[in-house]
Amino acid sequence: MTTTEAKLVKRPRIPTTYIVALIPVAAALNIVGSTINAALRLPTFLDMIGTAVVAMTLGPWWGALAGLITNIGIAIIRNPVSLPFALCNMVGALVWGYGIRWKMGKSFGRLLILSMFVGFFVSLTAVPIYVLVFGGATGHFGDMLTATFVAMGQRLWVSVFSSNILVSFTDKIISTFVALAILGALPKELTSHLELVEQKNLKTVIWITLGIVVGIAALLFIMFTNIAG
Amino acid sequence: MNNMQLIANYVPGKSFFHRLHPSTKIIWVLGALLTVFFIKDPLIIFAFLVVVLVLIKASNTFATYRASLMLLLPIIFGLIFFQIVAPAFPKPWTPLARLGPFVLYNEGVYSALVLSLRIISVASFALLFIMTTYPGDLFTTMRMWGVPYEISFMVTTTIQLIPILQKEMNIILSAQRSRAMQASGFSALLPSIIPVFAGAIERVRQMSMTLESRAFGSSGKKTSIRQLKMGTLDYTLIILTIIALIGIFYLLWINQGFDRSQQMIFPAPAAIILFLGSIIGFFGILVLFARRIKN
Amino acid sequence: MTATNAAKEPIIRVEGLSFKYATATEKALKEINFTVFPGEYVAILGLSGAGKTTLCLSLNGIIPQMVMGEKEGRCLIKGQDTDEVPVREMAKTVGMVFDNPEYQLTQLTVEGEVALGLENLGIPYEEMLTRIKEALKVVGLEGLEERSPMQLSGGQQQRLAIAAAMAMYPEILVLDEPTTNLDPIGKEEVFEVLQRLNREKGMTIVIAEHEVEVIAEYADRVIILDRGELITNGPPAEVFNDVETISRLGLRTPQVTEFGYRLKKKGHNLPEQLPITLQDAVKKYSGVGGKK
């Protein structure tokens, strides 16, 4: 009897099976998410929702592994050139994972800020890859935004970063809150140790995201016209 | 049906490339990647691409290759567009023409050629590797290299889960559509992810239990149903590759990557055609993709 | 049987085994005790939720190693505690067939699926080919070697899972309702195979099953679980003759036994021990046609 009580007090370690199960599901979700994103022509990427789930529940480095495996999977089934973007996915995982550890998930506002941090750092990693390897192109609708900024006289990397950060913010805020909703549906053993806010209605999140992104976009346009003029 | 997609890029066959050990092929891909990223002469890269295309043809993988390469086109068109107006070269740039707010530069055309040929040739070579390597062999090789079995399990499982998740997601999406919930964009997609994810976790937990029950990762000697051995040919090729790489890098170093951006002058109409072509191509491809995925 | 068993060590020894799933409020297994001797064919019977799966999973250490919850008591396989031996090592002794066929296929081809366990056991290539061929023949899947397991029907998947476990020649084979997706002929085939493995290879078999007719025909012993408790444990002839207990638990006895039981209640003069299989019934009931 005493042993049972002792077990109840200390949180049982998450068995490796959960880890080994969660990561491929997350990676596959990332890949399917990005495919559907392309099919529905959404202004996001949706290729890091799984990463967010793993980083939040299992921790930053497991999240990074999920990110790496996502890109290995894409390389095998689709195309190997996207392999460098493994780095972005991993950076995102680290920010999400450590963010949650440092209690950035405790309130809605904090989580929103954490998502934007993720977006920022992911863009910071992605933009050099886009500029150096892909000449600034992403193959995404965001390229039109980049072209607009270039037309306004901005340098290529500034334009790529500006358009990428807008897409990134949208994507990461939405991904964070979808991940939060997924956490609610996971077995309790996996999530009981987390300090997280209640789920939010996704519609609200989408409206808030839209507000933030349109705001930043407007700011960028004003800035760029002033610099150019 | 599902599994067609699963190993979509693998084309069964018995060509020279099929018979090489994955390790040899991986070393080749890495070698080619390094080399191509340091070469700055579009003609040399183009010559390399031609060689790769011949190899692809010889391995009977051309059809799969073409379909896969299509996915790269939007990014290639984008690249050409951006490079022509904002080349990856230090200024000053030589202007060739002006179209609205965009100035087309000679260095731009040059770097558009270099960068796009680079990506296409590396992608082609890597695809050749993927298309001629049975996925199971890839994972056997990973284990041979000492990658922990959990990792190779996770990679295999990811690949197997993709068609399954895709199917489940489609079912939920179309169910929502038929309930006339104006299922469009995010509001349809996002809630459907949740049950699919939770269900998939259970599935994979069961899969990992199965694997443990089949002694996966246990102690002792392992054998393989896929007879996968490094042959003399593989060892010879690896050694030759390393020697060749050393030679190539020496040449690249003394010739500074064969940079010919100052010698090659492109006529203005060529730049304009390339530029406009990239815009038409970008939108054309996106529309084409969207239509194909919808059906 | 008992005479030889006395000399042998039990191959499975379950002592005071209880288990509560982390998310459950009630125990799924309560103080279970039993032993199984080498070469025995044991059936586990019980209603849905009785704890059959939980018990099966305890036999190779998946519970408690891979499932979160609280375990009490011990489960010893050849004297080794399932708490201590990793599942992947225990797998060399205990083969496992799960109840959900689709989820337990992990490889890209049918052949690869059967090969997986053999590769991990380090079986030499030539022997591997023979065993794969044999196993696929036994379950009637020959010719489908290159097919993807995902493209098989539910019944075929179930048979493939059995082939994969069987080909490893484990000393103990545990099967959790392995024939739920099979048609009557398919079921019959699987039980034939299991019987052959049991008789010819001396494989110990533990099977969770709800078809009492097949249990009566093939098993040496029946264990009945009810809401996590072990109710009875004995030879089928004995267990199924206790018709009252069985029906009180909401289970069935074989139809021939039920038939005899009802006749007996009506006053027909039938043997003390009612038959449990059809052949048995033909033997015992012949000549009892008349009234008393």
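Letters A, B and C mark the chains as written, and numbering starts fresh at 1 in each.
Heads up, the rule we're going with is that a contact is a pair of C-beta atoms (placed from the backbone, for glycine too) under 8 Å apart; a residue touches a chain by one contact, two chains touch by 3 or more.
Nothing here was measured: the structure is a model prediction, and the numbers come from that model.
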Are the chains arranged, by touching, as a line, ring, star, complete graph, or other?
complete
Looking only at C-beta pairs that count as contacts, which pair of chains has more of them, A-C or A-B?
A-B
Hey, how far is the Cα centre of chain A from the one of chain C, in Å?
47
Between chain A and chain B, what distance separates the C-alpha centroids? Give it in angstrom.
22
Where in chain A do residues touch two or more of the other chains?
16-17, 187
Which chain B residues reach two or more other chains?
6, 135, 157, 164, 203, 205, 207-209, 212
Give the residues of chain C touching no fewer than two other chains, as numbers and ranges.
66
Per the contact definition, I'd like the list of chain C residues that touch chain A in the complex.
22-23, 65-68, 70, 72
With touch defined as at the start, can you tell me which chain A residues reach chain C in the complex?
4, 7-8, 12, 15-17, 187-189
Any idea which chain B residues touch chain A in the complex?
5-6, 8-9, 29, 68, 71-72, 74-83, 85-86, 88, 100-102, 111-112, 115-116, 119, 122-123, 126-127, 129-130, 135, 138, 150-151, 153-155, 157-159, 161-162, 164-166, 169, 184-187, 189-191, 193-198, 200-201, 203-205, 207-209, 212, 282, 286, 289-290, 293-294
Seen from chain B, its contact residues with chain C in the complex are 1-3, 6-7, 135-136, 156-157, 160, 164, 202-203, 205-225, 227
Of all residues in chain C, which touch chain B in the complex?
57, 60, 62, 66, 86-89, 91-92, 94-96, 98, 100, 103-108, 111-112, 115-125, 128-129, 132, 148, 150-151, 164-165, 168
